[in-house]
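Right after this note come the structures.
Same chain, two partners: chain A is paired with chain B first, then with chain C.
So, the complex of A and B:
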């Protein structure tokens, strides 16, 4: 029987890799469309973040097509947001679907992750099976991250953005089919070679914009990222350094330097998403980016709490900041208008030589 | 203004979120140390509007109230303002929501006072309340010696748990659930207890229940105050003296919003959910309270038999 999960951009492919390593499979989540968005809004409490509504709508669509066994990757540690309470919430919400079950996979460290795998897939899951499954999972997460970031940059830098899109699609398919670490390494090498062969523009990027914000909303809603990435094809370098990989690989060790970086603005409360966004915004400022784009889901607690702090970061540095809150009634046209106005502002500043 | 560091400083404490959550422990501790404590007045319209003007719309209602209190203290010219950083439970399984853990950062980002004026001790907590480490940091940052801190801690630990006044008898008994800073802040909850009492109801709050601890175990939830809401609601649901439950949900509260549906669907007794927001008209509120009390009186069997 197929398991199912929410898409989180293309990262369901990594979850599928994990399950396939254990002899199971994962259904491909339906693409998020207007019907799924509406279903999520209808199901959710109004205060749930918009990302959560998208997830609920997508899960409901899969339950309605007959999937039953939800495998979801979420954290329980101090970095978690409301997704930590997902399990009980989903059981109440989807109690009416016959056969529905929700299985949390992952955990804080390999021990708890293995324990979770065994509780769902049986005690026959050996330690080495678990190690291999997680090696595949993290290998796919890392490679998906690399391809996404490199292709976003290449859309600006290459004179053939349609070739970049084709390479991205083809590589993601290959990542999905790769059965183990060696196959993934081959996909990575092939991608590097193909990317190196892409023709480049003569001109340097006209603007550089750093993107920070909610990892979930930036990954999940294709239409948002399609609009945002469309900016890159107009010769603007977009840089988004966070994402599912950053969350999946977060640890005390990896977060410590970022927390230190944020010390002038953030005290030591536990979190992950805010730390990434604040630290990356500070990096963009230091690296001389022309503007910062903050994209987050309406109702996202970490990013909402961070918004006034990012406003302070931007004000202190004299760098324009655009915060886009994506909520129940967002429209792509409005998103495009606001982005265009922001880009016009950045161009005008650059033309006038406005210093910070 | 000139900041006077050390024990002589006037120290401001906001009569808002953390003050209610921790039963006034921080103000009590500072007073026991001998500090000149300035507690902001009970929430009023001006305080709220000051916070609302400063804070982005999307943040929850209590954060706006809190920021209004801090703005009030800053305007009063106190030397230092305490805004604790709540880190999480000692068990590392239960945590504050993000906006509450970022109060100090929000205050700084809004420019309400500069960093040197702000005291931001980091607190962890357990079942009994705030752990000692944050109090030590607070005392040290004000220049008090360790023995004074120990004495002040002993003084506040010796104080009995606050109990509500004996609730008067009434037509019906209602149990209130919700975050302490909306249940105990009469302005924030639109004087709900008084309104219910005027309708002839007996109102029970957390102070009338057996202590449930700061972040009760056993709910499996991630956020501290949601564990408290759920545990108290269960307590009222099982209590034979409670006829109905009133759930106070601040606008845009993530943790309690997430459990709202679960709470309603797993509670046998009638439950009225009131979303507290910035729209201060009491007309709709009074109508809903009257309707709920009427429901309990006229159709108790229907109410009891509700199967949601």
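So, the complex of A and C:
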């Protein structure tokens, strides 16, 4: 039986760790290319966001390759956007593929997560196995997040960015191969030691920019975020809170304090995505970041609705904000143009000593 | 006499602008021409047009801006390659230091830049739609069978309000057709279209921005008196198209190059640029499924530079000094 999923960057590695703990494996999702984009656009409802279309394109490519069972890691929270839990939609969309089935492998709390695991793998999955599988999953999610963040910071701070990229690639391979929590701990220690040995630049970061936005976009390493993260090598410290990590850990309990924090700005019943982005923007403001970069998929309703809210957050704090919508055009020129202008603006403010 | 000059080149989607500045930041020469799809030819012709003002002078720096800035930067050997938002802001702050808002409408993009206390503090560009840009006016002029340069005069002669849809160029054209069929005067239709363009701009690019006077109106479209009047009416503040409004991006690029205070410019000799068979070729990187588009610059049968790609493969191993400058890394 083949299992497959879609990739939000390298996060499929965490899903694969979960499956391997249960004696199964997961096919490596195909990297996104033009054919996958076109297939996704062809399949999707026109109103589905761009990232959703990429997911559909990836799933179709794997189905057409002969893979049959979808292990679908959805948000554990009850308020995720439609991109985070579309298993019902996928079952309908791919109903024509013999043997295809789609299952959530997350849930709101361990009880429902175990129940979802059993719906996928059968009732023989023991509670102890489930606990171990989720320990591996969360261990990998956290370590991937740590490596991604630290390496992006090091691309700014280190005088040898090519060594940083090599360390990142090597560590991600090790995370994928690690079989359990102890092996992951060893990978983490080894990474810390290697990162500490990297040569550092003499100069401090010229700017600190906090990135918020759609979870799928922030987790995406292969395409657009690579361009965004590229600015780190211009001596700019980029920081963000991992979308996938947040989604995987989201629950009513964990969302409540964030909701409370966003109360002056978010009203009604905001989605998980809106809560995270707004709370993270407020964190960045509080932590004294020079600017906020809002990155979201064209067509993503929660993030589009959030744009004016972030404008208010930024205006109240006197911190510059740039909202970048991804997927409305394929050329990277416009993206680079706006990023470069935003950095110039932040540098001019800093040089002039503009306070908030 | 200080013989140093700085050259700025702004190549956008529709037009190519070249400016020559002296040491006192006065404009010695400026040209504005349509690229007609041939960027390299347009730049060569632009430089030819200012060549006589360069006689006996020393080029101390060259800057490029606009959507083709990297290509042109590689062609001419630019010292500075800068995005058009920063370039426009730099020029306006030099010539009009009290300006607080820049409204700029180009061929296929439009932007707003908010200035406070001598620095840009906010900006926005159009995203998915070109309805609030010069392309809209080009289409309107073609539809009405009048030269685009005459639209401003026609709008100024309007005597009656005519509503034209502003959300979409296609719908606007449908509206124009309908108004023609129902016997409205062409002057009134043009004025209505100008107001619709301004509405679109303010609802898209200008949304959420604090627009305060003095407001400068830049770009080729600023020559259209009808649009300037529609802006002033919609905003309730005077909107001024300053001298050099058409070439302000090029002017800013020259100033950015001047700011570098380089001992000598890397700009190539004009004769060499003129005789160059420089061209850009696209290739798809075969090394991973991202299939990044890489631009390869070729001159006299030799590859002189590569640009593009999301990883460092091309920059680290095959990109030349020329392209590094073109990527804005000077």
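Quick note on the criterion: the second predicted complex is superposed on the first by the 341 of 356 C-alpha atoms of A that agree within 3 Å, B and C clash if a C-alpha of one lies under 4 Å from a C-alpha of the other, contacts with A are read in each partner's own complex, and residues count from 1 in each chain.
One rule holds in what follows: a residue touches a chain if its C-beta (ideal position, glycine included) is under 8 Å from a C-beta of that chain, and two chains touch if they have at least 3 such contacts.
All values derive from a computational prediction rather than experimental measurement.
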Point to revise | Clash or fit (per the criteria above) of chain B with chain C on chain A | key: fit
Check your understanding: Anyone got the angle at chain A's C-alpha centre between chain B and chain C, nearest 10 degrees?
Key -> 80
Review point. Is A:302 contacted by the first partner chain B, the second partner chain C, both or neither?
Key: first
Check your understanding: Is A:48 touching the first partner chain B, the second partner chain C, both, or neither of them?
Key -> first
Exercise for review: In the overlay, answer first, second, both or neither for which of chain B and chain C A:89 touches.
Suggested key: first
Practice item. For A:354, select first, second, both or neither according to whether it touches chain B, chain C, the two together, or no partner. Key: second
Practice item. May I ask you to decide whether A:325 touches chain B, chain C, both, or neither, giving the answer as first, second, both or neither? Key: both
Practice item. Considering only touches as defined above, state whether A:291 meets chain B (first), chain C (second), both or neither. Key: neither
Check your understanding: Taking the superposition as given, does A:40 touch the first partner, chain B, the second, chain C, both, or neither?
Key -> neither
Exercise for review: Examine A:210 and indicate which partner it touches, taking first as chain B and second as chain C; both and neither are also allowed.
Suggested key: neither
Review point. Now for A:32: first (chain B), second (chain C), both, or neither, which partner does it touch?
Key: second
Exercise for review: Determine the nearest approach in Å between the Cα atoms of chain B and those of chain C after overlaying the two structures.
Suggested key: 5
Revision key, fill the gap. Overlap of chain B and chain C contacts on chain A, residues 298, 308, 311, 325
Review point. Of all residues in chain B, which touch chain A in the complex?
Key: 55-56, 58-59, 85-88, 92-93, 95-99, 101-102, 104-106, 108-111, 120, 122, 220-223, 226, 249, 251-255, 257-262, 265-266
Exercise for review: Sort out for me which residues of chain A touch chain B in the complex.
Suggested key: 45-49, 76-78, 80-82, 84-85, 87-89, 92-93, 265-271, 274, 298-299, 301-302, 304-309, 311-312, 325
Point to revise | Of chain A, residues touching chain C in the complex | key: 30-34, 161-162, 165, 222-223, 226-227, 230, 298, 308, 311, 320, 325, 328-329, 332-334, 336-338, 340-342, 344-345, 348-349, 352, 354
**Study point:** Touching residues on chain C, where the partner in the complex is chain A
**Key:** 67, 82-86, 117-123, 125, 127-128, 208, 288-291, 308, 310-312, 316, 328
